[in-house]
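Below you'll find a set of structures to go through.
After this come two complexes, each holding subunit A, first together with subunit B and then together with subunit C.
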Partner chain A sequence: MNDDKTTIIIKRKGQRPTESFDKAKLHQSIVSATLSARAPEGQADRVAHAVTNYVLEWLESRPEVTSHDIRLVATRHLRSHHPDAAYLYEQHRTTL
Partner chain B sequence: MDIASSLAIVTLAALIHASFQLSVSVLTLLSGHAIGARTSQARVMRLTFGFVSGVGVMTLLALSFISLVFLHIFGKEAPQFVWAIVCGLLIGVGLAVWFFYYRREKGTSLWIPRSFARHLSDRSKATKSGAEAFSLGLTTVISELLFIAAPMIISALVLIQLPGYWQLIGIAIYSVISLLTLFSIWVLIGSGHKLSSIQKWREDNKHFLQFAAGGALTVLGFFVYVCKIVSDVSGTL
Partner chain C sequence: MAQSHTFDYDLIVIGSGAGGSAAATIAARAGKRVAIIESDTFGGDSPNWSDVPTKALLHVARLYDEARHGDKFGLRVSTLGYNYPTIRAWKELAVKRTGAAGNRKFYENQGISAFNATAHFLSPNEISVNRRHLSAKNFLIATGSSWATPNVQGLTDVPFFTPRTILEAIRPPKSLFIIGGGSHGVEIAQLMATFGTKVYIAEQAARILPKQDSEVGELLEKVLTEQKGVTVLTHSRVLSVVKEGLGKKILISRGGVEKYVKADEILVAAGRAPNLDLGLENASVNYTPKGIDVNENLQTSVKHIYAAGDVLGRGSHTHSAILESRVAAHNILEKVNIVPNYVATPSLIFTTPEIAHVGLSEDDCRKRDLPIKKAVAPLNIIARSNTSDFRDGFVKLITDKKGILIGGTIVAPGAAEMIHEVGLAVKHNLTAAQLADTPHAFLSWSEAIRVAASKLI
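Let's look at the complex of A and B:
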């Protein structure tokens, strides 16, 4: 599995500084979206774990990706676990 | 213009105000972040109530301020050309809402400056206390002024003609009606409705809301023009 430090994340089309992939940050954002969809804490944690592992696998062969790519991949996988949470996760940036 | 017609115009203007979506978007984000951060339901309700109160207070203050300025400048009756300009503004904003209110992308992004949107989004995430939520409500109304200025200005012009007692009632009617949407969302959140359902409904119906708000602004502009300018001119002929 991919080491957390190896993949570089390009944020907001390069308008913000790049940063290394942070597994905990992704996990937390999935937990928050799943809890926002009124899922129980245990389920939110399980779903976040599964989605984060899937994204880590996807990142294995990619040294550099955008934050938008990660959001798309995470949303696609989250949809199979919890469609409402996936909707909120996807909509987060386009609500305002 | 009699009191009933004046209050009817204020009511329609407030309904148009209520159909604008920025404060609803911020309330949705605020509650989403609070629920996602494992905040208790009672605390979520306090935060969201603080936000709704902030929006209400700023709406009340803004309408009172605009009315006071008009009262000082024009006295009890604004000149005809001011009515004509404001009617033009209503129709112009109505057309602008039809064409530009939502960005052409998925979701419910609005045509407000992106820096405003980012600030409101960041603040909704950082808000932890009722006082912060209240101030976020105040700020949201200011960010929405681009759209709500037109209904507020026409309401202020109508209100300054009324006797003092009715002015206060008119301001109260406007403030309460303009909060109806937010209050409904607050009740839905309190009763445990899913945010995803609320947001899906908003996204599915965004073009209808856009059409309704733009159409109502245009209709209000024409109505006031006919009521105030055409009838006055034809009355003097």
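Let's look at the complex of A and C:
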């Protein structure tokens, strides 16, 4: 269900149906990227938690963004926690 | 026949401050379909949170200060005091009177669609505003700038003021530590010190107001230190901040020596950062953390998207933002493009004495290796300084080797008005001889301009 505070994500420049922001999905993607950079599971979870919270804060005043925006903002913050994971996260379409 | 694209608007202006307002109005008057989007208060920073309220408070501070020192002229001042809530009410009245603040109706009356929401680019021709998609043929980005938080350990964990938020303070703090000795830091330092706050001002450079010529910073440091009891900490870097009881403890490094300063409140005035978080990547607009890249016609890397004002990261004058907004509107509406002319754009600092500058400074000329002539006329050599009992200030003029005026700095009461004479001379390539030959009224502060100009002949 979409309540008014849920941010709508426009996917692939509107070529795919829009979705509500899914915190768990973002968390899982960050965990995957961090694990791929050979970080321990505990660290991956901690980093993903921090990045997800940062993105949630960023989304507070934004009712609608693109999936590309989420990726950019998450990468920017992930870079300060784990630069290698940030690179993999940013480039996942070409590297993973 | 090729199908033409249809858009909701001819122009969408993002930001209703000085950089956006003029363009929106000009385009609407030209019969274009215009929308303006503001995420904060309509009118932008200058009338709501910056120039207007600060100057309204500085006006009161100057009156109070002059009255307080009136005993030497025979005024009885022993019962003089102030009521800060009433002073704040005066500031609110000044903001209301300008008419620019909260002026949503002003736009709507001109047929401009006004939205109070955050704008976010979804594609080069489409933005999202409260989940509503708006498209336009042209965009003007005028989102302005915000006070930046310097990278100081512990600063994010303690509450601090910015030059915007301190205007809303219930009363002046007992002591205030200001990080940044630029124009805003110095204005607030003088304002708060006049109302009785013990002020510390820390600046990394060798002098406060490092962007002005050395005489300016040195004179203002003397005024603040000797007349207002401000502690000026030049060559000082703030290392960390911690909360201690109700106050804060600030660790600074000064000339390699670390020491603590305790203050009730901290004010961060260490520079502004452009507001760039509006999905510029989705629109393919090139930018750096310093600002949006534009060409001389104020076009971004995407031809139909323009930018004006503080978001360009070039400086922060309201009058420059208005100029850029007009130029952007012209270039959007007309086929022949124009470029903004920044020559003779004055910069002002509303301290007592006021500081005004136009054209090139001596430092600018030195960096460019320009052969120049300069002359300084101290205020105390003109008659007005005697009748007003005010001696701290000067007029400094700079000419090229042919005697043509290329810059000027004035530190004097009324410098903000006086500088326009020098600006006119710089803009129209007048010589120092022509300026000196122009009659200047006896007992006006402007006599100092004539004296400085005549020294250059």
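Throughout what follows, the second predicted complex is superposed on the first by the 88 of 96 C-alpha atoms of A that agree within 3 Å, B and C clash if a C-alpha of one lies under 4 Å from a C-alpha of the other, contacts with A are read in each partner's own complex, and residues count from 1 in each chain.
Everything that follows uses one rule, which is that a residue touches a chain if its C-beta (ideal position, glycine included) is under 8 Å from a C-beta of that chain, and two chains touch if they have at least 3 such contacts.
What you are looking at is a predicted structure, and each value in this text was computed from that prediction instead of being measured.
After superposition onto subunit A, the modelled positions of subunit B and subunit C are compatible, with room for both. Contacts of A:K23 after superposition on the shared chain: neither subunit B nor subunit C is touched.
For subunit A, the partner that touches more of its residues is B, with subunit B and subunit C as the two candidates.
Shared-chain residue A:S36: touches subunit B; no touch with subunit C. After the superposition on chain A, the angle subunit B-subunit A-subunit C between C-alpha centres rounds to 120°, nearest 10.
When both complexes are overlaid on chain A, the residue A:D69 reaches subunit C alone and has no touch with subunit B. In the superposition on chain A, A:Y87 contacts subunit B only, with no contact to subunit C. Once chain A of one complex is fitted onto chain A of the other, the partner contacts of A:S61 are limited to subunit C, with no touch recorded for subunit B. Applying the stated contact rule after C-alpha superposition, one finds that A:I10 touches subunit C and leaves subunit B untouched.
The gap separating subunit B from subunit C at its narrowest, counted between C-alpha atoms of the superposed chains, is 13 angstrom. Applying the stated touch rule to the two superposed structures, the subunit B and subunit C interfaces on subunit A have no residue in common.
Within the complex, the subunit A residues that touch subunit B are 31-33, 35-38, 41, 84-85, 87-88, 91-96.
Residue ranges of subunit B in contact with subunit A, taken from their complex: 22, 25-26, 28-29, 32-33, 35-38, 105-110, 112, 117, 120-121, 192, 194-197, 199-200, 203. Within the complex formed with subunit A, the residues of subunit C that make contact are 39, 118, 120, 122-123, 128, 130-131, 279, 281-282. Across the interface of their complex, subunit C is touched by residues 8, 10, 13-14, 61-66, 68-69, 72 of subunit A.
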